[in-house]
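Multiple structures are listed underneath, in structure tokens.
Presented sequentially are two complexes of chain A, the first with chain B as partner and the second with chain C.
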Partner chain A sequence: MDEGSIILKTINLRKYYEVRSKILKRVKQFVKAVDDVTIEIKRGETLAVVGESGSGKTTLGMVLGKLLEPTDGKILFKNLDITYSLPKNLLGKIRLVFQDPYSALNPRLKIVDSLIEPLQIMNIGRKEAIEKVAHYLQLVGLPESYMSYYPHMLSGGQRQRVVVARALITEPEFLILDEPTSMLDVSTQSQILRLLRSIKKEKQITYLFITHNLVVARYMANRIAVMYAGQIVEIGGKSNIFQNPLHPYTRTLLSAYPSPNPRSQWNPIIPEELTVKYYENKCRYIDRCSLKMQKCEKNMPTDIKVEEDHYVKCFLYAET
Partner chain B sequence: MKPLEISDLTVGYKTLRGWITALSNVNLSIDKKGEILALVGESGSGKSTLGLAVAGLLSPNARANGSIKINGKEALGKPYNSKVAVIFQDALASLNPVLTIGEQLAEIFVIHEKLDRRKAIEKAKKFLLKVGLSEEFLDKYPHELSGGQRQRALISMALAMDPELIIADEPTTALDVTVQAKVLLVLKNLVKSVGIPMIYITHDIALAMHIADSIAIMYAGQIIELSSKYDIFENPLHPYTKALLKSIPTIDSDVEELYVIEGEPPNPDSFPKGCRFHPRCPLASDKCKSKMPEAINVNGRSVRCHLYG
Partner chain C sequence: MTAKAIHSLLEIKRIRYGLTLFNILLVTSLAVLLLSPFKPTETTYDTLKEPLTQSEKGWSYVLGTDSLGRDILTRVSHAFFLDLGVGLIIVCISGAIGLMLGIIAGYVGGIIDSVIMRTMDILISIPGFILAIAIASTLGGNLWNAILAISIVSIPIYARLSRGLTLSIKENLFVTAAREAGLSNFRIMIRHVLPHVLPVFITQATLELSNAILYFAGLSFIGLGAQEPTPEWGLMMSVGRKYIREAWWFPTMPGVFMFLTVLSINLMGDGIRDYLDPKKRLRG
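After this line comes the complex of A and B, so read on.
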């Protein structure tokens, strides 16, 4: 299969959560965690999804990872509709890695049993499976002897390596990484990030890398999608996003990270702290935006192509 | 008189498996009011223990030796010092959920300054304004505030005590980045304008570079390097500091490959012999394996490494 073809595509993907009133349990409102998301992910790339807590990035990962059923829309994986069910031959081709390596492993299972489980579901014999476990432990930089260890005997970084090995063992083509290093220390984080990059190169896997940390996204990704209130407000190649950020929210996010050079200027843009509102007929960022115009009050902006591989949902860049 | 002078501080915790050392022979000082010293290190490096020791909040199973002088007065071994204000990471746990922000803040003035209630509320209003919270927040309960607002309310309470020293222990780790920037700048500007010395504890070296004046890098219970932030960034001495700066991705440039410090930080119950960093150090020699390096003075900077001894 050729590099650059579309491996996963979503069309108007939606995931709404109902918020019910306390007494009569009537639906009061919706949290539109993922709202009208249409993205194309190319084979072999790393797409980073960035945004603050509540932006919907984790829900997007869970829907794409088939852990949640979408409210509406379509997911196409290798041109097959997998919105509601995954064909047998695609079992194990989409895998997830979560943030917390402490709760991701069953404390009563030895590492080898945790790793073998996905293979058993795929009807692979025990002998072959154990060989695979040894191979994948080695791939993530752990000695074979760790097979007989329990999770509590490992450090956070080692556990995360085990979780990565468990995700890789079914030979996935698409790996969803949800904040895989945000609970780790700096020196462990750099180990895991480098490991993930080298595995990607070796195995030609496509990554969806979910993170709140733009600095990590800059290191890992080829393309960046910025989420706010369930929508992707800006998406584009890494250099487009970092050198030419367009959406006011992207600019605000970028300005919040200081460079480690103490002589550099750090002038973060400080937005209002407000709860996110899921407006339908105006821009969702309007309450925080310092550049809002009349137009933003009346319509919801749609994707505007600003340059090759760079789209933004903002009227500032609309023609006329 | 220095606002803070710590000499030869060692702290251990008694556990079921015996004593473990959290801090070994820490020396540091804050020389003038309004100076901000950042403690930077990974989890388990002892940075929080150091903060608790200074505040007099060590748990009962801890044993501390050495000296902590706050404005010349010995603080070690004394109970909690109300002239040291501490801001913790978890603001919701630090605030009383059944009192309004105004009541909690006014309480401080009623108890410590013997003000009557009306005057105390007036004063509380003024302190909230300092951190950018309007009058209406007086009547709000902690759960009604956003994370950043709660942290700012805590900052106003820390200032209300007219403290001689502020300790901020990862005050923004739980917050979103845009909110984090706001809270940190509020804190820094207040500390600078009022002239209160502060210890800022963080694992984020990039933030430390912009908030603090000087930086102490901690590893396995020791300060392994201490100097001005400019020295640390432009000319780091200790191999760990050098590696740390190379192993973080940065926001302003594309890094081809991150530097990796192999291995993991040691457990406090089994620190390696000699230099505690030697198993991970690319420059370790035989001497490093057998002899623990003392903190030595290199052009006015302090570093714990045999390379400079």
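After this line comes the complex of A and C, so read on.
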């Protein structure tokens, strides 16, 4: 397959959580963690998904990683519908790296046993599997001897390397990284990020990089998707988003990050309303938006193409 | 690693005392079992002899004889292995079933959880010993039926315990990670949940072992467990009860043996529980 072809595509993907009343167990409301998400991810690129806590980024990752069943919609992987079941030959081709390296490894299993597990599912013999474990440990920059260690003997950064190795060991084509560095200290973060970039170069893997850290997103990604209330409100190339942020929410996010230059002024936009409401017939950002118009009260904005590879869900940019 | 664990286990007083007591009983019983000239079921004309009466076979009747002239020490020692063995069998059967049901209920959840746990609630709502009597008398009084009855009665304790533990273990990210790696639910239960349930489970099983022994002796006492002439503590006490005025040692000795055995097991069980509770471990 050629570079730039679409490896993963979602069509109107939805994942709702039901909130039930205490006594009668009737559905009171939905939390629309992922709502009507349609994205295309090209082979070899890194798409960063950014957004605040509760915006649905992790749920999106879990649905794509087949850990949660979507409520509605479709996931196409290499043009095959994998929404509900993954064909046998695609086993291990989509993998997920978790945020918390401290609890992602079973404390009672040696590193080698943790790493070998995904291979055993694929009916790979033990001897061959152990050779692979050694190879992948080296790839993530750990000595082979760590195989016989227990997780508690490793530091956070080392554990995260093990977790990355466990994801890579099945030779995935698509890797979902769910805030892989947010639990690590800053010096370790950069090591892991550099490692992830070099692995990507070597193995030609497509990344979906979930993060709330815009600096990390800028370092890792080719494209950025901004999520708010389960929707992707703005998506586009990295330079498009960072140099020309359009959606008011994207601007808020960008302004929230202090500049490393101590002389520059920092004026973050702090919204007054912080609860997220899942409106169906008006813009979901309306409670926080300082630029809201009458139109925003009546309709939900849809994707508007502003320039090449830059879409935004906001009426400010509608032509009519 | 294991040697270290054993060493720190032995640092707890209760475990040391319990283990010492248990070993004394074990060695005594084993020695009597192997060396005694008396047979546990062989009757003689030396009926209701006082402790330390000299016998024709060279040994004295250390703990006296019963109404049929059998040496009580020999019978009590045989009963030690019988009762301990029965206790272990009960713990194994009920423990294995309870553990399995509990892990399945906790891991799978939903309707299966409700069905299993409500059944356990029904079992637990009837007093254990009464239910055991009911089951044993329905099936007919013999050793194996008593084992079965007590096993059924003991299942809910293990099921509840392992369900609770499973519920909290399930929340760990490594279980989700295993699911992500494509492991089947069965494999996750065996590889990731079971090893975390086992330590607590074993503590509970140790404590339950003494209960099982007491229940079994109880059933035998009322005639629903072991039958004559099997040497069994409860049965011996039940027969000896009638002779308590003439021969106090007849019902007393099996009782003392049972008391010491149960005490030693309980001490060990409590000690292991303390060992697993980090707060108590600090105090020693």
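As a convention for this text, the second predicted complex is superposed on the first by the 319 of 320 C-alpha atoms of A that agree within 3 Å, B and C clash if a C-alpha of one lies under 4 Å from a C-alpha of the other, contacts with A are read in each partner's own complex, and residues count from 1 in each chain.
Note that contacts are C-beta pairs under 8 Å (C-beta built on N, C-alpha and C of every residue); 3 or more make two chains touch, one makes a residue touch a chain.
Values in this document were obtained by computation on a predicted structure and should not be read as measured data.
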item	value
Overlay on chain A: chain C relative to chain B, clash or fit	fit
First, second, both or neither for A:166, with chain B first and chain C second	second
Larger contact residue set on chain A - chain B or chain C	B
Which superposed partner A:301 touches (first chain B, second chain C, both, neither)	neither
Partner chain(s) touched by A:104 [first = chain B, second = chain C, both, neither]	second
Computed vertex angle (chain A) for partners chain B and chain C, CA, steps of 10°	80
Contacts of A:70 with chain B and chain C, given as first, second, both or neither	neither
Which superposed partner A:117 touches (first chain B, second chain C, both, neither)	second
Which of chain B and chain C A:95 touches, first, second, both or neither	second
Superposition-derived minimum Cα distance between chain C and chain B (Å)	10
Footprint of chain A on chain C - complex, ascending	172-174, 176-183, 191-192, 195-196
Of chain A, residues touching chain C in the complex	65-67, 91-92, 95-96, 98, 100, 103-109, 117-118, 121, 163, 166, 170
Residue numbers on chain B that touch chain A, as the complex places them	42-43, 146, 148-149, 176-182, 185, 203, 205-207, 209-210, 229-230, 233, 243-245, 247-252, 254-255, 257-262, 264-265
For the chain A and chain B complex, residues of the former touching the latter	52-53, 155, 157-158, 185-188, 190-191, 193-194, 212-216, 218-219, 238-239, 242, 252-264, 266, 268-271, 273, 275
